[in-house]
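Okay, so chain A shows up in both of these, paired with chain B first and chain C after.
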Partner chain A sequence: MIFNSIPFVLFFSLFFALYWWVFPKNRKAQNILLLLGSYFFYAWTDWKLLGFIIAVSALNFYLGLKIQQATVDHTKRWLSYIGLTQGIGGLLFCKYYNFFSNSFNELFQALGLQILWPTLSIIAPLGISFFTFRTISYILDVRNGKTKAVDDGVVFFSYVAFFPSLLSGPIDKARTLVPQLEKNRHFEYASAVDGLRQILWGLFKKVVIANNCALITQDVFTHYQELPASSLLIAMLLYPFQIYADFSGYSDMAIGMARLLGFEITKNFDFPYFSQNIAEFWRKWHMSLTSWFTEYVFTPLSIYFRDWDNKGLFLAVLINFTVVGIWHGANWTYILFGFLNGLYFVPLIIKGTMNKKKKWHKNGSLTGLEFFNILKTFGLVTVTFVIFKSESVTQAFDFYRCLIDKSLFKVPVLHGISMLFLLGLLSYIAFFMGMEWQAKNKNHALDFLENKMNVWARKTLYLFLAFVIFYFSSMVTNQDFIYIQF
Partner chain B sequence: MKRFILNTLKLAILFTGMVYLIQWGISYRISGKTVTGYDTLECTENVNADLVLLGSSRCWAHFDPEFFQSNYRVKTVNIGMNGHPDILASHLRFENYLARNKAPKYAILTMDPFVSAGNLKKNSNMVNKNDYARFAFMPNTMDEPLLQYFKFDAAERYVPLYALCKYQMFWDCITLNKSDSFPKGFELNDEEWDTLKYPITSENKKYFFKESDIPDIKKALMQFKQLCQKHQVKLLCIQTPTYKAVYDSKSFNWPGAICRELNIPFFDANYEAIRNKTVYFYNTNHLNRTGVLEMNSRLKNAQQLTDFFKINP
Partner chain C sequence: MKELLAQVNEIFIDVLDNEDIVLSETTSANDVDEWDSLSHIQLIVAIERHFKIRFTSKEIQSWNNIGEMLTSIQDKLNQN
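Now for the complex of A and B:
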């Protein structure tokens, strides 16, 4: 059940009514409803694997309590190892077993060895990367005393399966979401209205920007060898907007829905395409994942390598980003994507500007250098996303090869796409980025309107957005959210 | 909470009203007109023709209403449906025509090896469905059978603008830039046969009906005949030319045999002199302008047609 579908709208409307009207002041009943709703939401997509998420929740709930009860550090450590083995092991097995198996087989073949590692037909549970990271962070936080073990089963199970962010994040740590599940929630008008606005903006990004960009990028990346380089350039430039609008659109909808239910979940994007270097980009892109990796992978690694100065820092960054790449999926393209992003940190580490945070000028203006840096970072990200988008590393490099060609100056060929459509799409992207630029210090792009527009202008804008969403959701075949596959 | 629900509802009602208003405006704009040239349901209303030409694209692209008008003095309308060689489609289209007009004196149905019976429940032939999307919203009873044939769903029927957006007709309806696609009332292909684009091949033979399909075809044709009888319409089936690459005498004899068995007059206009020359065709199945003119010059002298229209030139 994806957010921008009729079944979900019906499900959420009914859920919302029950949640606030039937059980408005009963936290326990709201939590039970939340849990049942989350399981229904999950089962709608993949009922066969509902047992898996329940079993994972049960094991981690039990381990959390036992870790807290344990008085000996040794016992705590071993109990947390069980949780980590289940989490990381489950993830590795479900998502990466066949990838490693195939890679080993290719290696053995290359070495002339007649060893065949068997491959298995495994169905990875939907959202496994997201709910596993929730349970891992919970176990580590309980062990390190950063959070208390949850003793209410409904609260913990709801935390793991919290439906707005179950399939594609944001990845909330237990210390963010669990306290909210444990306290009474009251309906707040302003928060709910802003939640609706954020959902509207998320839908706009997904339906108008991402789905339309996908019409071009999918075709060009599939037939890149037969098309002029100018077509490849267009697809390469559109893909960053597609993936950003797709993923941040989902996050906006998830955050907006959570706000409608009285929760404040982790922000996932902070206008990353206005970043002036790659470190800033990663602080603003998929923030819940970056923060998770920073806390549980990068920080321990940088402490471990701290005696090696910059080399240690670089090594920690490189390992961290390679693992970030692997997290995305079982393909060498993701590993290379992560590794390259790690490499891009080298100049920043050398200059010592990796952690330097840029603040916007009060009047929102940009210097020429800042503008250049934004373009430079966007360019780097755009070129690297080709690897992310490609089916294989070979295909990615072949795409680059085809891109550097005389046909770059030819009229682009886009199958089934008229120039009028392309111009329309570009104008929507310009509007999208313009709105995001206006709101760069806010939570989301429609957040800044309250002070800048009168109520009728705002309503007209909402109606316009609703209309283009309606228009394109009727017209363009809906594409799956890219990050659901991860 | 109450305020939130009320304000959300207000905005939702405003949005729904806006969408309804746009749908209403578009419906008003396209009323009685054709948007693409293929959606002829409304613009063939109150035509009250003497002769109605029915069939697939081989009717739509081959029969010039003007020819019948000038030669047989019968007011003629061509309502052939592009991409729909099934008799059911012609039947539904004719019923729609009859609901909007006085019954004609004559009907000509194209009959060839490409025809099929058609099945309303299992129809999967959605060619040109987009052209009928304009009729999907809150359909009238006359158009209902055709909408069932094209399987328009509940959302397409009851959500304003949805069908127009889904089938990408929204801008065509606003601009009406394709509405004069077929000014002569049929699809006249001016081009010569581009054999690179449409190679000379016998591939289309795979679409011929098989012997096992004949009982269903007979049944469908019988129902069509009964519809004509009910409205006292004189029916004639015509077989029009195909290029020789897709011709085989056995298959092209079946339509005549079926018609004879059902006691329906049949005329074979698949002239050898035409089917042997590429110059008359646009592709293997369709005549171009030269071909249509050539066929017409032959039809003009056909005694069977003269007898059918009961005139004495």
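Now for the complex of A and C:
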């Protein structure tokens, strides 16, 4: 059940009505409803694996309580190892077992060994990478005394399965979401309206930008060998907008929906394409994941390697980003994507500018150098997204090879796409980026409107957005969100 | 503690390259713009070298504010 589908709209409308009108001011009933709603939402897509998420929640709920009760340090440690083994082991088995089997088999074959490691037919539970990261952070935080164990089963199970962010994040840590589940929630009109705005913007990004970009990128990445390099260049430049609009669109809808239910969940994107270096980009891209990795992978590693100064920092960054890459899925493309992004940090570490935070000028202007840096960062990211998008590393390099060709100066060929459509899409992207630029110090792109636009201009804009969303919803068949596969 | 705080304040100014930083025992990473996960490690290395002490990984990750960090430093100095 994806957010921009009729079944979901019906589900959410009914849920919203029950949540606020049937069970208002009754936190326990609202939490039970939230849990049942989340399981219904999950079961709609994948009912066979509902048992898995329930079992995972039960085990981690029990472990959290036991870790807190344990008085001896090594008991706490061993109990946490059970949770980590379940979390990391479950992920490795469900998502990566066949990848490792195939890689071993290729290695054995290359070495001339007659060994065949068996592959299995495994169905990875949807959203496993997202809800597993919630349980892992919970277990580590309870062990390290950063959060208290949750003693209310409904609260904990709802935390793991919270439906707005269950399938594709943001990945909330227990210490941010659990306290909100434990307190009474009141319907706040202003916050709900802002949530609706964020949903509207998320829908625009997904339906108008991402789905239309996909019409071009999907075809070009499939037939890149038969097309002129100019077509490849167009697809390569569109893909960063597609993936950003797709994923941040989903996050906007998740955050907006959570706000409609009285929750403030973690921000996931902070206008990343206006970043002036790669470190800033990663502070603003998929923030809930990068902050997770920073806390549980990068920080312990950099503490461990701290005597090696910059060399230690390189190593910690490279390992961290390689694992970030692997998190996306079992393919060498993701590993290389992560590793390359880690390598991009090297000049920043040498210059010592890795953690220098840029502030925008008060009048919103941009110097030539800043503009150049934004383009440079976008360029660096674009190059790695080709690898991210490709089916294999070989295909990615073949794509680059085809790109460097004199057909770069030929008229691009895009199957089934008219020049008018392309120009229209580029105008929508310009509008999309323009709106985001205006709101770069805000929470989302429609957040700045109240101060800058009168009520009629605002209403016209909302109507325009709603119109194009409906228009393109009927034109383009619903496409799944890219990050749901992870 | 006051003397310690002043020394740590100097280290923060030096590492984070910001003359305006004024720390108190309740200051946390949220209060200082430049204090993030990356600069945290640089601060720790600078503090360890300055005081000639060595923290454990667990200690480093347990601090919630400057006061807790200062207590750890004081404990280490007392042990030496």
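Convention: the second predicted complex is superposed on the first by the 486 of 486 C-alpha atoms of A that agree within 3 Å, B and C clash if a C-alpha of one lies under 4 Å from a C-alpha of the other, contacts with A are read in each partner's own complex, and residues count from 1 in each chain.
Rule of thumb we're sticking to: contacts are C-beta pairs under 8 Å (C-beta built on N, C-alpha and C of every residue); 3 or more make two chains touch, one makes a residue touch a chain.
Remember, it's a predicted structure, so these values are computed and weren't measured experimentally.
Student: Overlaying the two complexes on chain A, which is it for chain B and chain C: clash or fit?
Tutor: Result for chain B and chain C: fit.
Student: Let me test your reading of the model: by the given contact rule, A:Ser474 touches which partner, first (chain B), second (chain C), both or neither?
Tutor: Only chain B; A:Ser474 stays clear of chain C.
Student: Going by the contact rule set out at the top, does A:Thr294 touch chain B (first), chain C (second), both, or neither?
Tutor: Second partner only, chain C.
Student: Under the stated touch criterion, which partner chain does A:Val193 make contact with: chain B (first), chain C (second), both, or neither?
Tutor: first
Student: Quick one: is A:Gly145 in contact with chain B, with chain C, with both, or with neither? Answer first, second, both or neither.
Tutor: Once the two structures are laid over each other on A, A:Gly145 reaches chain C alone.
Student: Just checking: does A:Lys362 make contact with chain B only, chain C only, both, or neither of them? Give me first, second, both or neither.
Tutor: So A:Lys362 meets neither chain B nor chain C here.
Student: Contact-wise, after the overlay, does A:Trp20 reach chain B, chain C, both or neither (first, second, both, neither)?
Tutor: After superposing on A, A:Trp20 lies in contact with chain B but is clear of chain C.
Student: Considering only touches as defined above, state whether A:Ile303 meets chain B (first), chain C (second), both or neither.
Tutor: In the superposition, A:Ile303 contacts chain C only.
Student: After the superposition on chain A, what is the angle at the C-alpha centre of chain A formed with the C-alpha centres of chain B and chain C, rounded to the nearest 10 degrees?
Tutor: 170
Student: Minimum CA distance, chain B versus chain C, superposed model, integer angstrom?
Tutor: It comes out at 34 Å between the closest C-alpha atoms.
Student: Under the touch definition given earlier, write down the residues of chain C that touch chain A in their complex.
Tutor: Residues in contact with chain A: 33-34, 36-41, 44-45, 57-58, 60-62.
Student: For a test of understanding, state which residues of chain A touch chain B in their complex under the given definition.
Tutor: 6, 20-21, 24, 187, 189, 192-193, 196, 459, 462-463, 466-467, 470-472, 474-475
Student: Over in the complex, which chain A residues touch chain C? Could you list them?
Tutor: 144-145, 279, 294-295, 298-300, 302-304, 306-307, 309, 313, 354-357
Student: Quick one: in the complex, what on chain B touches chain A?
Tutor: For chain B paired with chain A, touching residues are 1, 3-4, 7-8, 11, 14-15, 18-19, 155, 161-162, 165-166, 168, 170.
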